[in-house]
Amino acid sequence: MSEARDGMKVVPSRSSEWVRPVTPKKPASAIIEIDGVSQVFQTSARKDHLALSDISLTIEEGAFVSILGPSGCGKSTLLYIVGGFVSPTSGAAKMKGQAITGPGPDRGPVFQEFALFPWKTVLGNVMYGPRQQGVRAAEAEAQSRALIEMVGLKGYENFYPKELSGGMKQRVALARTLAYHPEVLLMDEPFGALDAHTRTRLQNDLLNIWERDRKTVLFVTHSVDEAVFLSDKVVMMSKSPGRIREVIDIDLPRPRRRNELLLDPRYQKYVVDIERMFDEVDETGSVS
Amino acid sequence: MSEARDGMKVVPSRSSEWVRPVTPKKPASAIIEIDGVSQVFQTSARKDHLALSDISLTIEEGAFVSILGPSGCGKSTLLYIVGGFVSPTSGAAKMKGQAITGPGPDRGPVFQEFALFPWKTVLGNVMYGPRQQGVRAAEAEAQSRALIEMVGLKGYENFYPKELSGGMKQRVALARTLAYHPEVLLMDEPFGALDAHTRTRLQNDLLNIWERDRKTVLFVTHSVDEAVFLSDKVVMMSKSPGRIREVIDIDLPRPRRRNELLLDPRYQKYVVDIERMFDEVDETGSVS
Amino acid sequence: QQTIRVGWTIPAEESKYWMMRRPAEFPDIGKTYNIEWTQFQGTAPMTQALAAGALDCATQAPLSLANGVVGGNLKAYIVAQHVFEKAGGFSVYWAVMDDSPIKTIADLKGKTVGISVIGGGTQGPFNLLLKQNGVDPAKDIKLVEVGFAVSEDALRQGRVDAVNMNQPFAARAEAKGGTRKLFSLSQAMPNIVHILEACRADFVDKNPELVKAYVRDITSGMKKALANREETLKVVNEVLKAPIPVLETYLLKDNDFGRDPGAAPNFPAIQKMLDIYAETGMLPKLDVAQFKHPTIVAPLQ
Amino acid sequence: MSRSLSANVMLGLAPIVLVIALWQGLVSFGFAPAVLLPPPGVVFSRLLQQLVTWTFQQEIAATLIRLFAGFAIAVVFGVSIGIAAAASPAINAIVRPIVRVLAPLPKVALYPALLLLLGFGHGSKITLVAADALFPILLSTYYGASTVEQKLIWSAMAAGTPRYEILFKVVLPAAMPSILTGCRIGLVISCIVVFLAEMITSTDGLGHVLVTAARTFQAVDMFVPLITISLLGLILNGLLGAVRSYLLRGFPEA
Amino acid sequence: MISPLALARRAAPMFACIGLLAVWQIASLALKNDSFPTAIEAIRAIPDILGDKESLINILASLRRMAIGFGIAVLVSIPLGLLMGRSRAVAAFFNPLLMVIYPVPKAALMPIIMLWLGVGDITKTLVIFLGVSLPVIYHSFEGAKAVEEKMLWSGAAMGLSLLQRLIRIVLPAALPEILTGCRTGLVLALITMITSEMIARQSGAGNILFNALDMGQYDTVYAMIIIVGAMGICLDAIFERVRARLVRWSEPQFDMPLSFS
């Protein structure tokens, strides 16, 4: 799965201080290990609500892994745990062999709810990360403007979040995270509020960035197409309490072109298989 | 386009006080007329930001109309105007010949951001509308529980919104609006945060409700498939400032079955045509 | 150049007002020593300030000073006296409305009576008078606190049946008419000392010369106040902000309190008052001698 | 859960114990004469002694009645005026300048007039408490209500809620966090003001107990009402905290 | 051209003030009571106060103390409130302490405060400080508590340290609520500015007011009240400007569709 990528020229990252250490990388070393993670929430309705049950998953460095699963199965929660925002009730998550104890600039989240800083403009939001990493203002601004243009928001640099549409906010959130080049991207339905066309364009952009910078991506999506198109690996979760139902390796050549792939019977088979699996998952799962 | 529907038996609405007047209905009388509507926003970055420009559109009673368009083209804004939440800068919107001056229980919105009442549980949120309409508590609760079950949230009745996942919140928002049986549904990407499977199921449920109650639906979506599958009419908008680019009648038989339709070449042609149009729209549109 | 921290209050300390307002008239103030003036609401807070060492000298009433001694371990000397009740002059009195059925002190039984400060300096003689007339001040009347400034209004509005009156409010009320005097404190004791000047003993012992200079100035201030009524009216007007026409009606006239020309404390009278307080249970028995400094006491030249 | 609760209680007691220790230290090492600052032990034992006496209980009752009545009036008026001002531009145009003028007035200065108007009993004190506690509650309510998420109001209106009902059904609950913050401030101010009013003119209540003690330098008796009002503040706030976590149970911050 | 409605809105404060004075005038005429002068009497006394150089100096002295007390209170209370809002432990530590300290009337503690701090500016500034800090702390506290967690998570993921998050995310996000606290604080600053001068008086606006009260000069009392009210209007207007600038991003996008007019 990593041959295609290994053969590519590694473009040096744009900023220098915050890139990962330049130790030579083994082709498929695990970057994130999730080990027997369970998450219990205290809700006002029930004493304990088991959201995740005994999740174990290993993500290799540079892999693009998608998580699919019915609504409410714990995908976001899993991402929070990897991000270090929430510590699991039991089990442990590791990054590069080190237990994850908190958030860090090596793992960049794109939240389902965007969580933009309402007191900053679009540009201010996107520049926030690079500035924090010590990138000089002029440089950070140039980079940010480029990213804003990439997500199709040129001309909206000085708008405040409340003045944006849903999809525009989502794109700002995406740009904001990409701007500080985290090693691992944790994306929670980052294209959910986008129209088909914008979505396709951003999928391609994301793939380009990923291939160029060799990022690891953990990608939550609801679209089976999207998952198959983008990923090396699709993790299928089942509902309530969230469990890993299946991990599917997507063995399609890279770089992937949308038009070609759509006609590829292997692609179609993946999509159909996973959709069928989805139906099964959803039928068996019910609120505990 | 309305033959299929006219042939159907009209199921009487469940609650009685607030149903539309029982005057005999002409087959295709306009229920909503949007006439030369423009919307200008004052933003902090620019003095005037033209979000909608000269939109005219007529929606017939009982029609299912989808709005498609690139992110930020003004779909939500248009819905707000029809809902009576925002009054347009120029032009006018009418409902049944009467100028729309404010919100009313005849037009039920499902907002892109859900806008659930944080101080109410799932059940409380869904029951709000019927209670407001004077439905007795026991009855309202029974109806609401049925709707909650329909959207797949049985068991979560006493959860507060903060304890729900994104997709779950969206489903509560949907149930909350359906619960008070508005004559016109104004839905802003109501399935955006849902996985493919749940989405399909709810699409079917929505179609059933629509066919049974002969509701008028104005439906914003990002999915071309979804628009074609559900609608009588697809309105294609172009970006910045939002204009109506094209109105496409979807001439497919009803009731529609997903499996059949997917194989129908007419369906496929609609999808392909609209997707192509999308590409054009997106290229021409740019920030003014 | 040393500084002395002095507390003062309104309304009847003319010699101190002169010192504040006309310092140029006093050869020492601002030259050999400085005064840091702080105004207080009533004498009780000043007693606390003296006890806390936040003030060196302050205006005191016999009762508040004695309270400081008994409760607050305060040691102080009475160095001067501001006003007292002179025969034929003004005496704090309790007034009722003209048409009130209350004719004698005994009629106060079961009535609401206003007093400026419950447990204050006037309450000793007041209690004594009541007792002498067969009224138990603790049980037979309802006592409420009514500041002098609102006394007249409270009485006219019927909030109280009888209330104490003091200058300048008494003059104002009398001018308006409709009220009458029921009894006055002079009936309990003819020469009540209302306010005097006290200094902390430790301060006096440490800075005898400084305090001497201060007492000297108080003495000469009193002289000036009495000698030049015209100017005193202006000075008091500046301090009290009370209009001169109002002051004109009573200040330094026969219907005012008495002022000793040398500001000399009347120790026997003070002793008598302490005895009254002891008798009415407000204080233990005290000897006025402890407040006497052998040399530093007005009048000083 | 219960362990973290008791840990929190310990954490909260720590600084209070520290303050008492500091107090004891100040007395022991002679930084303050005992006649001004009596040792804590003496004060607390005197407090315990007093608490069981009927007269002292009556003083507390008098203070509490004024406190609660004044605070309740302030809450009712503060919340309703605040919400009305946020909801209606017309009311806002009238209320805003009035609030601007009245809020910063030192209400104590009006107390003599209140005494004459309402007498020396509860009425004048309750009014003073209400007047002082009103504005913090009103301002918090106003700002809370004027920043309510628009789409919540829209949702309710679309469900057929009449405009005036929106105030109770949406604006009020949505502004609740802010309102309760205002109430907390108003409650503390009520405690201070009821005491102050009783100190200025009264025949009963804790403030009266305090002044009589202060005038005669009964330092211990002076501190007993002070400690009592302190404890009352603590208890009332605990209650308010419980009310708060019940009312805000759905909100993310609760 | 200003529309009549906008004109009416702009004039509304004027009308409200005039209305207030009218109500006062009528009430005082009806009550006929010396200690409650009519509005006209009070207004007539204003020039006397403002024309007197000494009074002006007194008032300025009060304002200076108020500014200092307010400034220090804001500087101390906002960080404390934010810390309490973001850390359960800090909140659990300070909350009971504050709740024990605040209800105690400062006037009652005067003897002890005088003992350590004297009777001068420090004591009065302290009283103002305590008055202002109460609302600022609690509004900052609640504001910080309500900050959306995912915003903090975003910041943490960008490498912001705990302190940086507090300053750069919690502070701006809670700013609207903090400013509500400051607004209440401003009101309390004016009130405590006056009342702090009730018992121990040197030069100050409160001094003028309470002296007049003691002397039964009620027109002066109420003239001072009007002056303080006017100060309130000015400070408030300035504050609203600053506020509007700082939190423009949080203002509701649409007018509240609730107007009954």
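First chain written, first letter: the chains are A, B, C, D and E, and each begins at residue 1.
Here, contacts are C-beta pairs under 8 Å (C-beta built on N, C-alpha and C of every residue); 3 or more make two chains touch, one makes a residue touch a chain.
Worth saying up front: this structure is predicted, and the values here are computed from it rather than measured.
The set of chains in contact with chain C as well as chain D comprises E.
Shared contact partners of chain B and chain E, listed by label, are A, D.
For this structure, the chains sharing the highest number of C-beta contacts are D-E. Separating the CA-averaged centres of chain B and chain D is a span of 49 Å.
Between the Cα centres of chain D and chain E there is a gap of 17 Å. Between the Cα centres of chain C and chain E there is a gap of 37 Å.
In chain B, the residues that touch at least two other chains are 44, 85, 102-103, 113, 121, 160.
For chain C, residues that reach two or more other chains under the stated contact definition are 48, 51-52, 147, 149-150, 153, 157.
Chain contacts: chain D has residues 36, 112, 116, 150, 154, 157, 214, 249-252 touching two or more partner chains.
On the side of chain D, the complex with chain C involves touching residues 33, 35-36, 112, 115-116, 119-120, 200-203, 212, 214-219.
Taken together, the chain B residues at the contact with chain A in this complex read 41, 43-46, 49, 68-72, 74-76, 112-113, 121, 152, 154-160, 163-168, 170-171, 189, 192-199, 222-224, 275, 278-279, 281-282, 286-287. In the complex of the two chains, the chain D residues touching chain E come out as 7-9, 11-16, 19, 32, 36-37, 86-91, 93-94, 96-98, 100-110, 112-113, 116-117, 132, 135-136, 139-140, 143-144, 146-148, 150, 153-154, 157, 163-164, 166-167, 171, 177-178, 180-182, 184-185, 188-189, 191-192, 195-196, 199, 207, 210, 214, 222, 226, 229-234, 237, 251-253.
Against chain D, in their complex, chain E makes its touches with residues 8-9, 12-17, 20, 31, 33, 35-36, 88-89, 92-97, 99-109, 111-112, 115-116, 134-135, 138-139, 141-142, 145-146, 148-149, 176-177, 180, 183-184, 186-188, 190-191, 194-195, 198, 206, 209-210, 213, 221, 224-225, 228-233, 235-237, 250-254, 256-261. Residues of chain D touching chain B in their complex: 149-152, 154-161, 170, 173-174, 176, 247-252.
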